[in-house]
Amino acid sequence: MSGLEGLYQQIILDQSKRRNGDRLLEDPDAEHHEYNPTCGDEITVRVKLSSADAADSTDDRGGPGTARIAELAWQGDGCSISMASASTLTELVAGRTVDEARELIEAFRAMLRSQGAGEPDEEVLGDAIAFHGVSKYVMRVKCAMLAWVALEACLAQATRPAR
Amino acid sequence: MSGLEGLYQQIILDQSKRRNGDRLLEDPDAEHHEYNPTCGDEITVRVKLSSADAADSTDDRGGPGTARIAELAWQGDGCSISMASASTLTELVAGRTVDEARELIEAFRAMLRSQGAGEPDEEVLGDAIAFHGVSKYVMRVKCAMLAWVALEACLAQATRPAR
Amino acid sequence: MSTTDLDRIGARAVSDLRGDFPAFADRSAPAYLDSAATAQRPRQVLDAERDYLERHLAPVHRGASAAVGRSTTLFEDARATVARFVGAGDREVVWTENATDALNIVALGLADASAGLAGPEASRFVLEAGDEIVVTEAEHHANLIPWQRLAARTGARLRGVRVDEHGLWSLDGLAAELSERTRVVAFAEVSNVTGFIAPVADVVALVRERAPRALVVLDACQSVPHRPTDFAALGVDFAAFSGHKMLGPNGIGVLYGRAELLDALPPARTGGSTITRVTLDHAEFLPAPHRFEAGTQPVSQAVALAEAVRYLEAIGMEAVAAHEQALAARVVDRLASLPGVRVVGPQAGAPRAGLVAVGVEGVHAHDVGQFLDEAGVVVRVGHHCAQPLHRALGVTATTRASAHVYTTADEMDRFVDALGEVRRFFGVADQAAAVIA
Amino acid sequence: MSTTDLDRIGARAVSDLRGDFPAFADRSAPAYLDSAATAQRPRQVLDAERDYLERHLAPVHRGASAAVGRSTTLFEDARATVARFVGAGDREVVWTENATDALNIVALGLADASAGLAGPEASRFVLEAGDEIVVTEAEHHANLIPWQRLAARTGARLRGVRVDEHGLWSLDGLAAELSERTRVVAFAEVSNVTGFIAPVADVVALVRERAPRALVVLDACQSVPHRPTDFAALGVDFAAFSGHKMLGPNGIGVLYGRAELLDALPPARTGGSTITRVTLDHAEFLPAPHRFEAGTQPVSQAVALAEAVRYLEAIGMEAVAAHEQALAARVVDRLASLPGVRVVGPQAGAPRAGLVAVGVEGVHAHDVGQFLDEAGVVVRVGHHCAQPLHRALGVTATTRASAHVYTTADEMDRFVDALGEVRRFFGVADQAAAVIA
């Protein structure tokens, strides 16, 4: 796969046009605005959580990490990578618990920092493995991370004890 | 003559100890303080002029340039070159007209800018030719010029129309 | 101009001149079309700096040794060479870190004068609430934010000359912003985005007439490296440019100022070598240029920059300008027939400097840049440190190709050709575009 | 330590190490004993910069190209290397023009915070009339005048810790100047004139106890190049040093600051690359370090400085300190028996850094320097940018020899030997001196 096709896989080009989740979410539980200083692009991510249900809990802490992401939506503009990444994120996190989402974000970050090394785990990352190619392009890693970092900030906000 | 002996001719070492003119001159017609930023040394030159006498005038302008330097004195401290140069200057200018002193200063400056080239004119410069060697040492030219530049400023002051 | 003409610069073939640049030794290297950001350096410049470092390195202006004398002479000769190159006196060239630093020195100096940190000699630099600073909307952030800060520090008001839909401002637009209250007019001689060449002499005449109390500050970053410059003839008060855009080193820039202004402007940055007498409580400053040169200066860089100047002078700045402008004109001409590609700045036929920024409909500039990069064409994408301009153009980012002495027509052609492919790759090409590409 | 030991530095013979330095290729070259002003550079450092310029030169942090990616990675890796070397986090190292610039950035940032140019995050930087800034009388002008200007800008008062007849200050003397009103304590870890090594950790502890509102600013210009440094362990708030004194290039210095302080300090110099969003009227700044790095940075210099760090690390900073301090100690010992020569700073037996400044009775320092120069010994003469200290010592100027990794015992001996001749040459030697010389 040539460099460019490795970066812009068809699924990325498609997602960048599909823009899943590109809309206003009213009354979010958390919202975060992220800015990419290298290009000036911005994104605002908003989430709604459904409160933790004991039966849903995967551990016995029953803490805020067991709440579920009921809805994620975003607004913003950026390059095809950032838009595709926001769209993919929207698909992937719906219905996950906060802890699960955090693990996903961590795995995504690790893949993007790999500089092209290794094979991403499709079990964990699902369609997000399409962004593995981005990790070879240091200047574009931020594009792929933009929505994910914003979600991370939302989750921190939403699960902060004093909220 | 080795480099060092060319720079520090015996006459310079002697003059630096003799320090002709190193004293306070009361009620000067002009005074100027000069500072050497490379080393922090300073000198204050003061002069008294005797008013121009028509018979003394070398031209028929009879302007301020024909006044005579009755006395020059200085106070300050510095390296042996600057002290010797002030001392030599004191000896050389006494009794000269302002115009003559200016010519002397210009000749001295030209010699110091020569970077060692040429032969200085003893007729014009007298004992000051001993400073020819300084012209090869760019960092020391200012030392030799210090008192002379101060005198130049005094003369400008003293002969300024509105004084 | 035919492509054959485009392959010559002054008396030399561009292909021959490229032999001076180690960066182009590998002929398969991509086309480097980002010289407006930073230029490549000829061997002569690299060698001059290395020779200084290997054989003459010593402090300058301090001490009595012959080594210091030699080093000082090289340093001050470099200043004289650069001064002559831009129509300045030796004392009118201040070394800075870069052009940004140079512009800050002026803005911060005015702020200090306004805060009473200088004597009566600096009274003409004192700004008061109600005074005005005029910039254009097209300015690089380096020639905008320092003025915003000056406004905040003094209570003065910042006014922006608006740009039209191509990003261009006019003398009329400028005239409308000028008044007795105007204290600073700051603008770029050549825009790093639009390639617009400002009529500097006309601006100066207009300012002197309409805003007699204003200082004219010229951002000459994109002009000094590319065209003949004579600050004295232009009549500006201050000007700034950088070494690294003119085949010289990073880490050095120049603040030009008319001698009597520089001698009176308080130095924003203070420290060793700027002073005469220092007590624990007080310091007195040297005249210009040394009052601004705090601490150990970029000496090896000054020596190398002087060599860059000699290199450019050997080509001839008229020839440099002609070469680069012809390349850009050809790009603009060719792009006129490419659908979905919008050229920012002067349109086909109008004068422009040797750079061309474009927007590609439906494709983000960073994706365009990535595509071009893969096609072996290194361009700059982004807001080019000119966010207000881009906002006025209605885009976040553009894609810019820029030329220098070593740029070939073939490289510029590769830029245009690749632009012709980009929309199809990203699946946004319309019928018409598909036909042409 | 025997001279044999003095000819080794860590695991290497100094004579072997000198082979790395092109400046010493000519064995008849004079002894270069002015490294405290600026150091010579090893081939490794020169090559690293040239390699970057020939093969990797491209802008950093802007654009999407692979070239920019490579250049950015080299640039940020260099920052990480330098950060590790001084016990700092990557975000705690800001590139500056030189150490002077770094100190100015702190002082100007405090002034801006005090003038209301920053948000509530900068409230701890706000100085008011009646607040106090404490420096020592021994400071380099770079660590004095910026504080004078800050005092003038804010109405704060500058207090100076006095030095004794050798030019030394003490913890007690410092303690007497501290209070609740103290907002800044600025001092050099190693004096460039006396060679005094300040007890930094003790100073920090004292300041935290007596002056809890004070920021501790360390001038590390003469320490980072010569001894192991760990700013985090020392607990200082800010620190400054220069590349050119540590075998690296001119045109680059470092401001260290604790991350949370740097993120809150307003940037004095503004422009491209320091910002997030910019409108015509307003700009928002990035976190540290980028908020301070306005305009095109000294990228090739950063790459070279990182190589200088690796070079020093390969020797080992403990070994560097031991070598240089042993050379200086030996000079002080030998000078003790030379009449008419007064050693400034710590006397024989007391710890001192690798430099020795002297006064020669009856001979002006510049004449001493000229004599030494002719004897093939390059030293520094003057006030060494420390006029208040010299005034306290009762002299205008002194003569200083300073060592670096490449300095040999023989070179230092030539300094002492020539000093033994100088008074006779200028006709001021007394009987005793004549016997010894």
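Labels for the chains are A, B, C and D, by order of writing; each one numbers its residues from 1.
What we mean here is this: a residue touches a chain if its C-beta (ideal position, glycine included) is under 8 Å from a C-beta of that chain, and two chains touch if they have at least 3 such contacts.
Quantities reported herein were computed from a predicted structural model and do not represent experimental measurements.
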item: B-C compared against B-D, more contacting pairs; value: B-D
item: Remotest chain, subunit D as reference, centres from CA atoms; value: A
item: Distance from subunit D to subunit A - Cα centre to Cα centre, in angstrom; value: 46
item: Chain centre separation in whole Å, for subunit D relative to subunit B (CA means); value: 40
item: Distance from subunit D to subunit C - Cα centre to Cα centre, in angstrom; value: 32
item: Residue list for subunit D, restricted to those that touch at least two other chains; value: 62-66, 68, 275, 277, 366, 370, 381-382, 387
item: Multi-chain contact sites of subunit A, meaning residues that touch two or more partners; value: 38, 40, 137, 140
item: Touch list for subunit B against partner subunit C, complex; value: 35, 37-38, 40, 137-140
item: List of subunit D residues in touch with subunit B within their complex; value: 363-367, 370-371, 374, 381-383, 387, 390, 396-397, 425-427
item: In the complex with subunit C, residue positions of subunit A that touch it; value: 2-4, 7-8, 13, 17, 38-41, 77-81, 137, 140, 143
item: Subunit A partner contacts - residues on subunit D that touch it in the complex; value: 61-66, 68-69, 72-73, 275-277, 286, 290
item: For the subunit D and subunit C complex, residues of the former touching the latter; value: 22-23, 25, 30, 32, 34, 37-38, 40-41, 46, 50, 53-55, 57-59, 62-68, 96-101, 103-104, 108, 112, 115, 117, 135, 137, 140-142, 144-146, 148-149, 152-153, 158, 160, 242, 244, 249-253, 268-275, 277-283, 294-301, 366, 369-370, 373, 378-382, 385, 387-388, 391
